[in-house]
Structures are given as C-alpha cells and as structure tokens.
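Chain lettering (A, B, C, D and E) follows the sequence in which the chains are written, and residue indices restart at 1 in each chain.
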Amino acid sequence: MLKVKNLSVNYGMIQAVKDISFEVNEGEIVSLIGANGAGKTTILRTISGLVRPSSGEIAYMGKDIAKDAPRKIVEKGLIQVPEGRHVFKGLSVQENLDLGSFTRKDKQNISADLAHVFERFPILAERKNQDAATLSGGEQQMLAMGRALMSKPKLLLLDEPSMGLAPIFIKEIFRIIQDIQKQGTTILLIEQNAKVALQISDRGYVLETGKVVLSDTGANLLQSDAVQKAYLGG
Amino acid sequence: MKQFNKYNLGWFLLIAVSGVALYFGIFSGLISTFQQITLMTILINIILAIGLNLVIGFSGQFSLGHAGFMAIGAYSGAVISKYIDGLPGFFVGIFVGMIIAMFVAMVVGIPTLRLKGDYLAIATLGVAEIIRIAIINLPNLTNGARGISGIAFPFESNLSFIMVTFVFVVVTTIVIVNYIKSSPGRATISIREDEIAAESMGINTTLYKVIAFMLGAMTASVAGNIYATFFSVINPADFTFQKSIDILIIVVFGGIGSVTGTVVAAIVLGLLNTALQSAGQLRMVFYAIALIAIMVFRPGGLLGTREFTISGLLNRKKGVEK
Amino acid sequence: MSLLEVTDLTKNFGGLAALSNVNFRLEESELVGLIGPNGAGKTTFFNLLTGVYVPSEGDILLETEGKQTKLNGKKPYVITDLGLARTFQNIRLFKDLSVIENVMIALHSKSGIGTLHSIFRTPKYYENDKKLREESIALLKIFKLENKLDTLARNLPYGEQRRLEIVRALATQPKILFLDEPAAGMNPQETAELTDLIIQIQKQFQITVVLIEHDMSLVMNVCERIYCLEYGRLIAEGTPEEIQKNPAVIKAYLGGE
Amino acid sequence: GETAGSEGTTGGDGSGVVIGGNFELSGGASAYGTPMSNAVELAVELKNKDGGISDEDVTYKVYDNTSVAQEAASVATRLATEDKVTAIIGPATTGDAVAQTPVLDRAGVPAVLPAATGDMVTMKDDETVWEYIFRVCFQDSFQGEVLANFAQNDLGAKKAIILQDNSTDYAVGLTEAFESVFGGEIVSKENFSDGDTDFNAILTNIRDKDFDVIFIPGYYEEAGLLIKQAREMGITQPILGPDGFANSTLVELAGADNVDDIYYTGHFTPNSENPKVQDFLKAYEEKFGVEADSFAALAYDAANLVLAAVETAGTTDSKAVTEAIAKTTDFEGVTGTFSLDENHNPVKSTFVIELQDGEEAGNTVVSPK
Amino acid sequence: MESFIQQMVNGISLGSIYALIALGYTMVYGIIKLINFAHGDIYMVGAFIGYGMIQNVGLGLIPAIVISMLLCALLGVVIEKIAYRPLRGATRIAALITAIGVSYLLQNLMIYFMGPERRAFPTALETRIFSFGSIQVNSQQIVIIVTTIVLMLALQVIVKFTTMGKAMRAVSTDQDAAQLMGINVDNVISFTFIMGSALAGAAGVLVGIYYNSIDPLMGVTPGLKAFVAAVFGGIGIIPGAMLGGYLIGIIETMVSAYGGSMFKDAVVYLILILILIVKPSGILGKNVKEKV
C-alpha cells in the first residue's frame, strides 16, 4: 500500500533520514521504533508532505506522492496524528473534530462517526465546548486521535499516540488501534513503548540515526536480543 | 587584566581603528561636509536602534514608542542649553534627559509591560504620542509646534562633535552588550524565550522588562540630545510614529537580537537613503522596493540573531587551516 | 509542622472544578508521586503550588525558618525564591539559548549579580560569572550534559531536553522539586536511567521531590508515598504497595489485568 | 554642526549656473513641494529657451527631502557643498526651511523660500537677520493682521471663532497674529489634527454659539472639508483663511454650493489681467497638465528672482549673488511687484479674495504699512 | 442633551469609518497574525479606483464599488504572493516591515502617477439631511453605518459558519495541522487577503463619497487608527474590531466635544491604555491564561 524507497531527508546541513526503505501492506500494523532523534517523526512528516525529501520515492497505492501537496495526500486517505498533538488551540473540541472531516465527501455519515468518536473517548464528549488549548495533555492526545478518525483514514500514521496517557488509557489506545485495523484501516505506528507496539504489530523496523538497522515481524523483533537491550530496557 | 583576552583586544582594535579613520577622514576633508551629515545620522541611528533592539530583540517586548523617548532627550538638551552655556550645558542636558526618560519609562513601563505583543505596541505607541502632544501643548517650555531653533552648538567644530558622538556610540554599545552578556541580561533574554518558564526559574520578569525598557529609553534620550545639538533645530513633528518605525526598520533589518546586525543595518540604510536622495520623486518608491526586497530575501535580517564576532572570524580561519 | 501543607485546595475554571478540596502534605526529603487519569488535575495542582494559577479556595503553606508562609497568590518568581522549583509537562526550555545559558539563568535569582556591576564589568562581575559557570557545569555533569554546553536547547534530542529541564529546576536551589511527567517520550531504557538519576539527586541535594508520571515502572520504583487524583479529588494516598492494591486506583487509573 | 574642513565654500565654478531645489516631493508636504519644484523647473526651462545666462544653460538640481526636517538639512548641505549650487530654492514648509538655515549660513549659499510664511524664518533669535535666507511670500503676522482687520472693518465682526491645527507652526503663528490685532472677542478656539477629515465634533460644538466670523488658519486640504461640513450643518457665518486656502481644490472639496462668504489672503490671483500671470498659467498647465496654484506661482517668482540676481551679479559666486538678491527692488513677478526689505522679506501687498458660489467674487488689495 | 446626542451621532459615524477599515484589517490579522500596515493604502487605492470609475469612466456608485472591490482583491492577492508569502516562516516583526514597505510603495507610486494633492471625489450620492429637532443625520452617514454593520455580520457568518471560515480559523492556530486536515493553506490565506482587500476597496469608495476628498496619503491615519481599533477590540475578533472602531470614534468626538480638542489624540490614547491595563487582551478578548 505504501512503499518508501531510498528516502533521504535533510534539514539544512543535517541529514535526518538516510536512504531508508520500507513498506506497509494493506491491512497491516507496522511499527517504526528507534531512539530519540532517530528520524521517525521526520519520516512521517515527509510522507504527509510537510517536509520535502532530498531524494527517494514514496509510493502510495502505486502512485508517487513525494511531490504532492499535503492536502492532496490527505484527500487520498493518508492521515497523520502528529507528534506533539497539534490540536487547534482556541477552537473548541467539537470544532477540532469537525475539522477532521474537512475533506470528506460523505457528509451524511459524519455525525455517526462523531458519535463513534465520542463513544471511544467519553471525556471528549464531556468537554465538547471546551477550548482545546486548556485540555490536559492526555486529553489533547485523545482529541488528536479522534480528529484523525473523523477523516476516515485508509492509512493512519500515528506518532507516539500513547505519550502522556494514563496506564489505563494506554491499554485502551492500543485496543483502539487494533480495532481500527480490524475495520480495515492500515496503520503505521511510531512508539517509544516498543514492547506494546511490537506486540500488536505485524511487522516492525528498527531505526538508528536515520537508518534502518533491523526489520522483521513484530514477534521476532520482540525476541531479538538487540531490541531487547536497546529499547526494552534489558 | 586577565579578562582582556584576544577577542576583546580584537574589538578594541576595531573600535580604535574606526575612530582614528573617522578622525583623519574628517580632518583631511576626505569625508565631506555633506557626508558628515550622513555619518551623524548613521551614528545617531545606531544609538537609537541598539537601545530599541535591547527592548524588542532581547527582552522581547514590542515597543512602538521609541521616538517619544528621543523627543524627551532632544527637548531636554535644547531647553537646558538655553540656561547653561557651552559644554557643561550639553552634558547636563544629556544627563537630565536620561533621568527624565528613565523616570517616564519606569512610570509607563510598570503598568503597561504586563501587556503582551501588539497590545503593548499600541500602549507604547500611545505613550509616545502623549509625550509629543504634551510637548506641543507646553509652549512656554518647548515653544510648542514651532519647535526650538538655534540650539547651541558648544563644540569647536563638526570634527570634535562627531568624535564625541562616536564615543557615545561606543559607550552605548558597550553598556548594552555588557548588559546583555551578563547574568541580568540573560534573565532578560529568558523573558523573550518563555516568560512563564522564566518566572518559574525565579526571574522577576516585570523588573527586568522595566530595566530593559528604561535602558532603551535612556539611550534614545541620548540620541535625541545629540540630534538636537547637531541639527540645531527640533520640532515635535520630528518625533512622530514615523520616527519610531524608521528605527524599528533598522532593528529588524539588522536582525532582531543582533547588536552587530543593528550597526551594519544602520550603516547600510543610511547610505542607501543618501544615495536615493537624487532619485527625486521616485526616492521613496525605490526605498520601499528595497525594503521589501531585503526582507523577502533575508527574512531574518542581515545577520539574523547571530552576531558578527571577532572570535567567529578567528575560529573560522582556524577551521580552514585544519 | 510539615514542610508543605496544602488544605482544601480548589481550582475552578468557569464551571469546571479542575481540583476540589485537595489536602496534601510533604515532609522533608521525601519522594512523593502524584498519579491519576488524564485530566484529573495533576498539572493544575503543580500550577497552583508554583503560582502559575491562583487557587479558588484553600491554603498552601510552606515552612520557612520555623514559620509557615502562605504561598497563595504569590508570584511564581517569589515562590521559586522560597524554594519551590518545577519542570513542565510540555517542555519549556529557553530554546534559542545554549544549554549552559539555560542553567545560568536559573541560577540568577539566587546568585546572580546586579545590573550596575554587569554594565561596568567590575571585578565582582567576573568573579560571579565564573562562579555561575562553574556551578552550572557541575550540575550539568550530574546529568551527563557537560559535553553539550554550547548546544542550543532546541537542538537537543527529546530525552536530553527533559533532563536539561530538571537541571534548570535544580539550579534554582529548591527545597522541593516538582517534576511533571519527566519520562514522557522516553524509551524504557532511558526511563530506567532517569529513575536512578532522580533517586541520586534526591539523596545528593537532600530535597523533596514530587513526581507526576504515568510510567508505573518509574513511579513505583522511586516513590515513598503516592497520591492519586481523579476528577480533581484525592481518591487515595499511600505507599506504592498500598496504591497498587487500592481498588479505586485500579479502577480509575491502573486498569485491571 | 560646524563645517570644518570646507572653508566658506562658494557655489558655482564658473561654468553655467546651477540652481538647487530642496523640496518635499514625497511625504506629508508633497502636495506643496511638488508644484513648487515644477514651477522652478518651468522657470529654468523658459530661461534656457531665452538663451540662458551668459549664453549658458541654467541647470536645476533637485533632491527630495521627504518632508523631514533632518533630510532638508542633509539635502541643503549636499546642494551647497557637493553640487556647489549658486542658490537654493525651497523647502516649502517653515519647519523644513528652518532646518536648512544653519547649514546654509555656514556654507554661505543663499536660499529663497517660496512659501515659508513663519515670522522668524529670516531672523535669528537675537533679532538680527540670517544673511543667506530670503523669501518671496509675506509673513504670517501680516496675513493675520490683514485678516483681523478685514474681519472687523469690512465684515463688521465682533465675535470670532478660531479653528486651528495646533500641531503646525503655521496655524500657531497666524492665530497669534490674528488674536493680537482683532479687537473683538474670541468666543472659542478649537483644534483638529493634521490629516483629519471629520470635523463634525468641533463644528457641533460651535454651532449654537454666538459669533460673527470663523477664522481657519490652515491649508485648503482640511479647510475645504471644514467648509463643507460647516455649511451642511447650517453654519452660515463668513469664513476667513490664510494663503493656505489658495488652491482651486478648496472649492471642489467643499462643493461649490457650500462656498459662500469665504475670504482668504492670496499671493496671487489667476484672474489677474497681467500678461505675465496668464503666460505663466498657460505654460504651467501645458507642461504639467494641472492648473498652477499659488505655491507654484511663488516658487516661480523665487526662481526668477534668483536668476535675475545671478544676471545682475554677473557671476555664479554665491556671495555676490546673495548681495544681488538682497538688493532686489521692484521685482515684477506673477505674485506682484515687490522689493526685499532689510529683513529679507518682500514688501508686497496681499489680495483678500472673496469666494461666493464657488467663484472668485472679487478681491481687495491690502498693502503693507 | 441635544448636543450630546448630536455628538454621539458624530462619534458613531466617525467610528463607522474606523470600524469599516478595521474589519478588513482584523480579518487578515486574525488569520496570519500579520499587522498589515498596507491595509490603509489598499483602502486608498480603492478610493482612487472608485474615483476613476465614476469621474473618468462615468460609472454609477454601485458598479464603481464593485470594480474597486475586485481590483483591490486582485491587488491584495498579488501583494500577498510577492511580499508576504516568502516571509511565512519569518518573525512577525519581519513581516510587519515588509508590510510597511508595501505601504510606502503604494503611497509613493500613487503620488508618482496621480500627484500628491488632495482631490475632490465626484458626487455619486446625493446628500440628504434628516433632522430630528436640532439633531442632524445625513444619508451618507446612514449608508456607512448600515454597511459597516452588515459587513460585520456577514464576516462573522463567513468565519463562524462556512467551511472556508472553519479552514481560516484552523490556519490561524496551526498551519501544519491545518495541512494535515487537507486544508489548502495557500488558498485560505489568499482568500483572506481577497476578503480583506475587497473590504478595504469598498471602504475607500464609501469614505471618498462621505468626505468628498481623497489623496495618496489618506490611508495613513485611518490605517493606524484601524490597527489601534483592531487591537483594542481584541486581536482577530471581528465584532471586536467594529466595537474598537466605534469606541475610538466616539471617544475622539467626545473629547473634542467637551473642550479637549487640543489634547484629543493624547486623551484617546490615555483612555486606551487605561482600558488595556484593565483588560489586557482587548475589550472582547478572552483573557485566557496560557495552559502550562
């Protein structure tokens, strides 16, 4: 479904992503794991068109999207929950969710989906009219997730969705991710919480300073010594 | 002194060389009378812009009222020179102007510096207008809208006054740079970076904002005084909002938060302005185009927030060698 | 008399009670955890104690030299001077300043020098500046940041930014240090290192540490006592063992296995 | 400042005459500076068509001072010391003119001011005259006096109201002169600011007051709108104004219907039968496509006065030309025939022009005592 | 009392002019946080276009306004593309300086081509004066007040209830996230400029008619006052800009009315500062403390 080939990305002089290739097949959950600064976020931003690659290809459903504007990419169903949440501060929770469905054509289903999101994140229903800026950190994370779901993603890009969530909710969020997958959405996941991430992933890639150093099925990676040591705390 | 390292020495040499060059340039007539006016305008603008850069670039407070403090200095100097003759009059005028400007900045700053961004801009703009209107309406002291002309020139020649002004530029720069590169200066910069965090680190934000504002006001006052003495006529219309904007342009053009950038910008704009005098009716058209083009191609200003440094120069050389 | 006593602390935002009638106390040199579901009011609690918000009701009393000082309504910088320091949930470093400058700024209020000394570069200024530098470097060493002195804070990786925030807070020479989710965005490896570090500084500086954290491996390992909030109310208080077994906490926060 | 290094520079180097222009071509006063510069250009062009001076073309060199005093000083210095002009014409406003005075005094280059009417422009603080500064317009004190006399004698006014822009020295000087001569009562004084377009507040204020005449010391740009709004509000008393009214746009701005009982002091009337005036008007309109106003007329006279002085002096040496200018007697210009007095002011009469129905309905000539 | 009411009428109609310009100002201001100092000059250009259409082409008032709005919208888009877009990532003050550059450029090009002098605007709307006792209101005042209120409401509807409005508000808070929602940020910003500039164009013609006078520097003072009004009302808040405009107009008039014409602007600023000290984020601004 998504095929990234020989991707490199530079910020000025810094090469954040170096010649990376990976792919995500329809219906899969694929994890990218790696230490801070490994370039994970950069990859997602590049896929969404917010950052331009210096070289390489990004093919989505067989078409090259490396040069498309972000909104074109969104229209194709490639939706991202960005790192740091990026909720629209100053807009209410409800308005944030509305913006999630900005490009959708099937207006008649929107209200049903909204109800669905409120069901998944009851706190958001409670805070419907609150300014998103004043939400707690975890609440914002949920809002960002809910907003993405409102756009009916075909491929969902998640950048550390469990950050700042209470333990009870971390479990919930991973359940939700699996749930979404079951309903037919493909998922590319970035997580610090590598253990849980790999548990639910079909496949995973391990990044180190901009390069892929390992790739395998989720289960195999969980077992691998290198991953155990570096990312799972021994 | 152990603090007198090679970087300071480099700066010292640069200043000394510029000073000597200025002296001989004027003395020998290489710098013509007309060029001296441009030169003085540049020097005055450097003082003004460095002070404003402290307020805007380093403490992060958006002030649009710099001309008001310049007016305070100009009028203090002009009025006092009527009562005290000669050089003492000039220096007393400078001193009194600084004190008044400092006091006004404090009184105005304490309540208004709580305001953020554009709200502060409006408030400071208002203060400058109030100062100007007060000057217009105090005809006994300030001669109202007619302004004051024939302000005493207590120096032997342009040469000596330009050298005195040069010293003022150097002193202002050193004072501001010393301040910025010190513990209270860092506290001031932290307010620009993140006011809430600064306050949580124990920084009394109001205090440091007001100090920066007062220092800015005092330097503006000095510049105003020099302006009045050099041009020998002043008028409330010289200190409008437009003047504040002119200074702001220099600050932004040089790079907000860069002292050396400010100096470079004042020089470049001063020369550009003089060069455009002969463009007749198109003068301001060209100036406007230049302004837009410069900002479009260098949005961060000439030097950004970086400083031109002697150490940078020395180290770069080293880099090349290795 | 406890080091810090909070009684009936309440904060309302419009109609929303973010915190209601919270009672809380801290003793000298304790390591205390504060947990609770998202939106329970933990960060709000920190904000009230450190003066960022003014309480709607209740008292915050700090013991200083045998007397109790009321902190309600005091400005953040005054409270910091009295010995409360914090980090932020959403990192708030001075991004365009270098690592060492970030720390030196925090040292300013306790050991910085006056404006006139700075402008005129008196010998005292040089002495002081040297002292500030040395103290900063000493602190940064503890956190293994000593080789990044001149890096801009914004260019640090996330984990190091979090550590720098802790150094900066420590530099204000606090009696009580409040850490808001210091392990967020860290991988298990880094979290484990952080755990050791927190214990180490608590011992070395003899300070009280209050920790908000969702990572139970950290909380349960370092905290001596834990408070748990839900919907702005205190629902439990106790040792890690007690908390882990507390049904209310399990239901609201930990989740059943 | 002091001009060290340039010993008493004198303009001109023997080859052709260079006349300098120091004008407001942009900025707030460009509406006055631009026609002036145009008129000087025209005067020079006509002179050259006529064979120039001593068979050499006169050059006109103008710089824009952007209506800023500091720039006016800089431009004057440039003209005097770099371009070595024989004489300077301009700037337009009193404020800018004053700024160039010390510069020219040191450089020893004369300037003839077309329209700087401020009383002290040619005089130092100690009441002695600035050697190099001249003007071809009458002064504010004279205008104010003429208008005050006109109000009480011709209009029989006993109570006056003054509406002024107190941020300009122009209005301040005129008001002072008017007040000192006017024998009746000043019922009220109201202020507006430069660039204002809405005067309803102050007009509402005076509407119900008892008065006979309104004096507006200001320029046509504001006065036109003031007249319009006053007449529409039903204020019918006569309105007096200074030479700043002298532009046909005044009538357009106010609307011809509203322009009744307006009296102002003019340097010049386009209705004059003097062929010099008519030739000037025609040539100006041909060259620039707009009607010449009195600012243009004054600048035209200033330029011709300078050119005549250069011819009289027979040299481009500034000092000699200055002396020749000072000795000007019975100069025949488009704004009348005049001589310069010992204070470098023209001894000339003024017209008090009356407007009715938007048309010039007559003029009274008032000569100085 | 009657004169008080008359002065209120004066204040409201003066305020309407400020409000009219401030609306367009705050629109752009709210979305991209640009202090668009050139706004007053676009208004000036609008007035000149209206002048040309009525005087030289002989159009009626309504077509003149429409054409002026269209051309100003075009001008706004061009300015945005050339001068502001390259500065998207730069500091706000840098963009402000560019705006000042554009402002100078428009003023001086107009001076260059049209001459600096003030000119009378052709009478395109017969003035009718309505008297209520000694209180007078004229038809143009009514036109301007009504237009201002209608435009304010229309803008409010656009921003609050349309898809474009939603996109605008998203862009105003987080451009990256807006792109991730599939919003075309460039289009939204262009649209904002189109709206703002068209409003300025309409205001230019209306004010030309109202005062019967236009000149190349006519945008300077109202532009500054509109900026003050927009900030005073609360940055980016559309009803706030209107309210700010009205308040400044009324305060100015009242200060003049009660003997303060000498200190008019000083008093106005003083009152503004005092109000801001009490309400630091403008009259209608919500004083939300930043969540930390």
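Keep in mind that, in the parts below, contacts are C-beta pairs under 8 Å (C-beta built on N, C-alpha and C of every residue); 3 or more make two chains touch, one makes a residue touch a chain.
As the structure is a computational prediction, the values presented were derived from the model and not from experiment.
Common neighbours of chain B and chain E under the contact rule above are C, D.
Of the two chain pairs examined here, A-E and D-E, it is D-E that is joined by more C-beta pairs in contact. Chain centres computed from CA atoms place C at the largest separation from chain E.
Comparing the centres of all chains, each the average of its CA atoms, the largest separation from chain A belongs to D. Separation between the centroids of chain B and chain D, computed from CA atoms only, is 36 Å. Note on chain placement: the centre of chain A and the centre of chain D lie 74 Å apart, centres being C-alpha means. Taking each chain's centre as the average of its CA atoms, chain C and chain E sit 47 Å apart. Shared interface positions of chain A, i.e. residues touching 2 or more other chains, are given as 134-135. Residues of chain B found to touch two or more other chains are 137, 196, 281, 284.
Among the residues of chain C, those in touch with two or more other chains are 43, 52, 88-90, 92.
Here the chains touching each other pair up as A-C, A-E, B-C, B-D, B-E, C-E, D-E.
On the chain B side of its complex with chain E, the touching residues are 56, 62, 111-112, 114-116, 118-119, 121-123, 125-127, 129-130, 133-134, 137, 196, 241, 245, 248-249, 252-253, 256, 281-282, 284-285, 287-289, 291-292, 295-297, 299-301. Interface residues of chain E, counted against chain C in their complex, comprise 289, 292.
Only residues 3, 6-7, 10-11, 13-14, 17, 108, 111, 115-120, 123, 127, 129, 134, 136, 138, 207, 211-213, 215, 217-218, 220-221, 252-254, 256-257, 261-262, 264-265 of chain E touch chain D when the two sit together in their complex. Every residue of chain C that touches chain B in the complex is listed here, in rising order: 50-52, 75-77, 80-81, 85-86, 88, 92-97, 101, 104-110, 112-115, 117-121, 125-126, 128-129, 132, 168-169, 171-172.
Contacts from chain C toward chain E in the complex involve residues 43, 47, 52-53, 88-90, 92.
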